[in-house]
Amino acid sequence: MATGAFADRGADLELVGIQKRFPGFTAIEHLDLVIPAGSFFALLGPSGCGKTTTLRLVAGLEDPTDGRILIGGQDVTTQKAYQRPVNTVFQSYALFPHMTVLENVAFGLRRRKITDAVAKAHEALRLVELDHLAARKPVQLSGGQQQRVALARAIVNRPALLLLDEPLGALDLKLRRQMQLELKNIQEEVGLTFLHVTHDQEEAMTMADTVAVMNKGMIEQMGSPELLYELPRTAFVANFLGQSNLFTGPVVGETSTSIAVDVAGRSIVVPKARSHRHGGDVTIGVRPEKLSLHRDLPAPDSASNVLGPGRVTDVSFTGVSTQYLVAVPGLGTLVVFEQNRSAGPIEGEGDEVWVTWNVEHGFGLDDDPAAQTEKFVADTTTQSLAAQRRADLLTELEEA
Amino acid sequence: MATGAFADRGADLELVGIQKRFPGFTAIEHLDLVIPAGSFFALLGPSGCGKTTTLRLVAGLEDPTDGRILIGGQDVTTQKAYQRPVNTVFQSYALFPHMTVLENVAFGLRRRKITDAVAKAHEALRLVELDHLAARKPVQLSGGQQQRVALARAIVNRPALLLLDEPLGALDLKLRRQMQLELKNIQEEVGLTFLHVTHDQEEAMTMADTVAVMNKGMIEQMGSPELLYELPRTAFVANFLGQSNLFTGPVVGETSTSIAVDVAGRSIVVPKARSHRHGGDVTIGVRPEKLSLHRDLPAPDSASNVLGPGRVTDVSFTGVSTQYLVAVPGLGTLVVFEQNRSAGPIEGEGDEVWVTWNVEHGFGLDDDPAAQTEKFVADTTTQSLAAQRRADLLTELEEA
Amino acid sequence: STGTAAKPTAAADKSDSEKTLRWDNWALYIDVDDAGNYPTLEAFTAETGIKVEYTEAVDDNNTYYGKVKDQLALGKDIGADTVCLTDWMVGRLARFGYLQELDHANIPNLANLLPTLKDVDFDPGRALSVPWQGGFAGICWNKEKFPDGIGSVEELWSTPELKGRVGVLSEMRDTMGLIMLDAGVDISGDWGDDEFTAAIDVLKKQVSDGQVRNIKGNSYKEDLVNGDSLAAIVWSGDIVQLNAENGDKWGFVVPEKGGTIWNDNFVVPIGSAHKANAEALIDYYYDPAVAAEVAAYVNYITPVAGAKEAAMEIDPELAENQLIFPDDATLAKAKVFRTLTGAEEQTYGAQFQSILLGA
Amino acid sequence: MIPIAYTFVFSFNDSLKSNITWRGFTLDKWLNVCAVQNGAVCEAFGNSLLIGAVSTVLATTLGTMIAIALVRYRFKFRAGTSLLLFLPMATPEVVLGAGLAAQFLSLGVPKDMLTIILAHTMFCISFVVVTVKARVAGLDPALEEAGRDLYGSPAQVFARITFPLLLPGILAAALLSFALSFDDFIITNFNSGAVTTFPKYIYISASRGIPAEANVIASAVFILALVIVVTAQVSAAARAKRQARLG
Amino acid sequence: MAFAAFASTAAPPTDAPPRRRSPVALLLLLPGILYLVLFFLAPLVSLVLTSLQAPSEFGDIGQYSYAFRWENYVVVIEQYWPHILRSFGYALTATVLALLFSYPLAYFIGVTTRRWPLLQSLMLVLVIAPFFISFLLRTLAWKQILSDESFLVTSLKAVSLLAPDAHLTGTAFSVIFGLTYNFIPFMTLPLYTTLERLDLRYLEAGNDLYASPVQVFRKVTIPLSMPGIVAGTLLTFIPAAGDYINASRDFLGGADTQMIGNVIEANFLVLLNYPAAAALSIILMTVILVIVGVYVKRSGTEELL
């Protein structure tokens, strides 16, 4: 029971075979997940993939259709929200508009009849550097400040598990980066287990110990940010977490350490250790920042893959780096990032270039290349929204 | 007059000595601006700096307190909004909720009694790939789709000038990048003059021919994205447009091509051509991606600045690159970006490193270092918001 | 929607233990002094120890009936121990058995009741009701506009200057009574559908021609004051009062061909537990001196013999007023509208209402 | 506005029994409102206040409950319930009044204060539901969820979150229902029996000339309402100002 | 304030439809629904029964017994169809007039005065003010103001705007005038609540897309304030159709301006013809329901329910 007790450290969260169906729509198909105590776990995925639903299930605001939820080894599936040692920072903050900042923060403590609620609330506000605004009402705060109050309101309860639902979604880039740092610091300071939901990949990667990429109610891949980025398992992950150049073709050669894939007549080598499939048609890829551009055909080198010649079709300066689009006949367009060490772009539009990369940087996906991957995340969401609205209406009509 | 005529190409926009006062608040102090016909112009700045106000003045939705507005050489200052050959994609889209997508897009054409309104509207919808949703109401669309409808609704009128007020603000990163490309393509295709407002610096830099950074109702700097990024004139621009490492100190040496600045006992050299001030106290800077890290003290080299030794205090993997924070005693913390050419970070936390950069990459600001520059844009905004709210209330009371 | 259920039985009388009486009456129908007290009532309380709660709850026979009929049908208390209602309504209540029989032994002063009122067709022998005040319905006119006066119903119809400025009462028996009298029908006598229908046709024509615009209940007085009506069929007592308030502006006459006379009568509703107290009250007001005091104030016709003499002592001019103490000649012109049967009440009422409703 | 001014002006009329012609200025009527006719005006006014208050409390309670259920829960006969709520608003008052009167009659309920209160509560419920429903719909469910998340039991969440947040809507509903009840004449007239309310008093007196005291009371209510609203607004503005200064 | 009451129509659409089923719902609903069933539905049923009663055999006036006399309906329609038509005609005219008057007023309060909250609430108070003075008193005041010898009428006659023998009281004019006046707050408040939330950015978008102010009003403002217009017209039309005070001969009406409410009253109180009164009530209600149903369907604002 949560009442009266502060968690002295985070607790494990375990989801076993979770399924969640809404009338006419299955939000989560089958979910197994273990989050070790004290870790910062990020759940990443496109809009509508079921992130919020997962959090709500953990918080007890929604009941799973099937499956079990364990916190610190204890089955809490049937516990009510207010009985679980879990707190949430809501996507919309959900600060109580009729209470002051201080009352908001003290709310949970008061409900649990913890002595010293006010002192503890002040302490939490000091942690987020907002103690001087304790007497204000939420509407009188800026978005960033509201977000910090929501955080304080959750943290003050020292829950075994803290759920964060895109708490930074509404902030602009600069403020967002600043808040990310603070959040990470707080987590390290209090040692709680954080389950952080976001659809910003950069945020997920910089903050989390472990990232899980979710798609259509399933976890596509899970692991450290580096692992996911460097070795994506599926095309979805490869494209959702950063950009990728992907090629599909049959495996035509094999050594003890690597495979060679034929892509439109060219052979591309990928280390076996970095490829999930070793035979048949495979999709392989490489990240744009791993590519180098050359004006002349580089000397053949077994440690490198070479593609070209291609033509630079677009150069765009993004500040830190420059993005080149290189059209290689038969292969399509490659994306190349070049850090702006020197001032200005090196190649111009229309230049003929060769693209090379270290064999060690390629990766091979687990996907079956025959299966289609969708292109427009947004359109899918809209369609599913529309489908769901229809379903809702039908249920309503049924009942009437 | 706009009636009946399609602009065959964009027109120049000229703002002459524009000032805008609201009761109790001056939103725009003094603004002169020329946007050449057919260009893609981005107005960038923090929240509340007057971007929307500028657009509204151009659109005729607000009257300037002082100054003149010329479109294609013609003074339109006294024309009503509906008489100006200008269209706006609103920050909030402002799609008419009671009309279908098609009716929304055809609205402007119908008002101008243009024949074939429906056919033209369909064509515009095809351009944004939404023709299949023509019969829907706006609420039935996702955010990204609404945004495209708003764009179609404006473009279909072929205005001499198209104003875009953060049209991508609500989209998630992936969709946003996708829409940026589309927008740019459309602009190139139709050849109109685009005036695009945003507070996303990356968006501004990748899309625009010319970027203007606005702050507190004034334009701080204006020019090509590369110019602004590589040679910021003020600390505000240096920090708002990407990140910068800035140092302040007196000029202690001078050659024909460069100056040497003493920063906490170390001498840093900056090319004269890249520095706005050549004497007294100056602030100089360098971009994080221009810095290199070295485990050992590099050999002295007149082409490079060297700082160190420092200690790596934080390493964060962001996918494309890794961000290092290096604390150099007496100088504070430097930010260094290293593109992830090899897998994984090169240096670890706690490592002792030297930082170098090519002298050619430094820049010197025009700012007077004595004047304080704010550190937290967000907090300033909040304060100014509060101040303004107070002012608002006072005016209200006065009037009542 | 009350069925023809068994008639309710009278409540047990508690007058011996409860010295209270609740009296519902029409507005401005009793003497009031400047402080807003009722002198005669106070005297009554002083004399008998019975506290009277006097309420001006009757604004219209129909609405009052509408308010209390359900309780009456159930034999329950209606919130009043005695109430003054007009003849025809008393007739209806009597038919339905909603009234308690009065014990004449408790009302010795009843001997002072004017002989003409002792035996009425709706209540033979006055077993259930005793008159409180009465009045004429006649014609009044604005003396400023018509110095020569308007003497008959016929003139109301035929004077062109009166077009749209004629008022009649929404009280069927008065308006129809005057019209029938004008046509030479004896309304107390034995008339039937033909006579009534003929009169209805007259009224209908005048209304549809626009000669008659205002068909009102008590609010006809405002029309006279604000000029919407320049001449009207009205009740005598009101005119005395209006003239007093607005300067002697209106003339009144009981037409040569006849006017109606009516009385409002004390009755004790079936659910009242204070009948004896009510009888004491009636007895008190049948003292000619008290009756004269009331008459001096309300200006209606008192049914108490000897009141005129008593009034002489208060104010001789008052005693001469034909509208308060009518002489035999005036009385001879005034007729009582005969009691209608239930069926007649229904059909005649419907015919009259259909004019009021403009159908 | 003109009739209000008229009413106000004539409340100073030095009238006798009826208040039709202007007879000169006096303050007497304001000073001795309750004196006339043994305080019949004041009694009617008091009845109206009492009826308004009781039926407001009843209607607001019942209506708020329904509104919450309608917005927050899904149940069978939802459409039926909505219709049942809409019907009284769509039913002319005469029909409501006559129907209820007949009902009381056949149930043998004598008409008095109670029947008026029952009648008023009935027609006020719908208006309350509509008002509060809007408020409930505008209430972010996330707030209640946040309450539950922060260890608030259902009862605590209602008492500390839901209710305070609905309060403005509930108050507006209460005010509306009081105004409707206070000003209702038609339904009252059918169901009042011998009890007189303020509008009914006026209706009854209309036939014999309304005493200036009625104008006094009406004007007083009007002025009182005006003062209350203006004070509320001004103090809200002042509060906002104070808070802005704090900010 | 009371005006918030009319927010119904402008309520933001609940993005998440209610999904929970719970016994709590029943608990919340039951008392209120029971109350309505008892004091609204049951009377309605007995009203229907009453409307089918026949006069009791040998019964006196006002005495009826239960039957199924459907002819009652035919009889009252035959007898009172002019009143029924007149009621709806007057109500419709008054509704239109009230709308014409209220829309600019509500627009002024809801949009123009947005920047001066104090002025806005003051204006609102003035609109709601009539609620606090009995509408009977206000109507009576009009009766005086419009009477034949009043300043208004005599001056109108003096400038020949009114024929010398014309009247105002007791005519259709004054009844409709009274109806309009009395129901203006009911029209203004819902209009205000929608207009107050009207997003001016839509108007700007209209301006930006070459619509002149008039066109913006027609194509954008009006459609967007439709919920308020519907709510306002219903709140005006329904009670106006059933009103019997304004048309009463004792107030502003005359014999040929009697509305169905007056007929019901006369049958109920004077003629004691309860079946006729009940039948007329049912007819009135049915017609209103049908009109409202069609209207709401056609204006596409079903959620109003």
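Residue numbering begins at 1 within each chain, and the chains themselves are lettered A, B, C, D and E in the order written.
Just so it is clear, contacts are C-beta pairs under 8 Å (C-beta built on N, C-alpha and C of every residue); 3 or more make two chains touch, one makes a residue touch a chain.
Note that the structure is a prediction, hence the values are computed from the model and not measured.
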- prompt: Touching chain C and chain E alike: which chains?
  reply: D
Message: Can you tell me which chain pair comes out on top for contact count?
response: D-E
- prompt: Which chain is most remote from chain B in terms of Cα centres?
  reply: C
- prompt: Between chain A and chain D, what is the separation of their C-alpha centroids in Å?
  reply: 54
Task: Go ahead and note the Å separation of the Cα centroids belonging to chain C and chain D.
output: 38
- request: Indicate the whole-number Å distance between the mean C-alpha point of chain B and the mean C-alpha point of chain C.
  value: 90
Query: Could you state the distance in Å from the CA-based centre of chain D to that of chain E?
result: 18
Message: Quick check on chain C: which residues sit in contact with 2+ other chains?
response: 1-2, 63, 216-217, 219, 222, 226
Query: Among the residues of chain B, which ones contact at least 2 other chains?
result: 386, 396, 400
- request: Provide the list of chain E residues touching at least two other chains, using ranges where the numbers run on.
  value: 17, 19, 50, 117-118, 144, 250, 268, 274
Statement: chain E contacts chain B in the complex at 115-119, 199, 201-202, 204-213, 215-216, 219-220, 223-224, 226
- prompt: Given the complex with chain E, which residues does chain D contribute to the contact?
  reply: 1-4, 6-7, 10, 20, 62-63, 65-66, 68-75, 81-96, 98-103, 106, 118-119, 121-122, 125, 127, 129-131, 133-135, 137-138, 141, 168-169, 172-173, 175-176, 179, 182-183, 185-186, 190, 198-199, 202-203, 206-207, 210, 214-215, 218-219, 221-222, 224-226, 229-230, 233-234, 237
- line: In the complex, the residues of chain B that touch chain A are 46-47, 140-145, 172-175, 199-202, 205-206, 225-226, 229-230, 240-242, 287-290, 316-321, 323, 337-344, 358, 360-361, 376-378, 381-382, 385-386
Field: chain C - residues contacting chain D, complex
entry: 1-2, 24, 27-28, 35-36, 54-57, 59-60, 63, 67-68, 70-71, 74, 76, 78-80, 216-219, 221-222, 225-226, 241, 245-246
- prompt: What does chain A use to touch chain D in their complex?
  reply: 2-3, 59-61, 80-83, 86-88, 90-92, 94-98, 107-108, 111-112, 135-137, 140, 153, 157, 396, 399-400
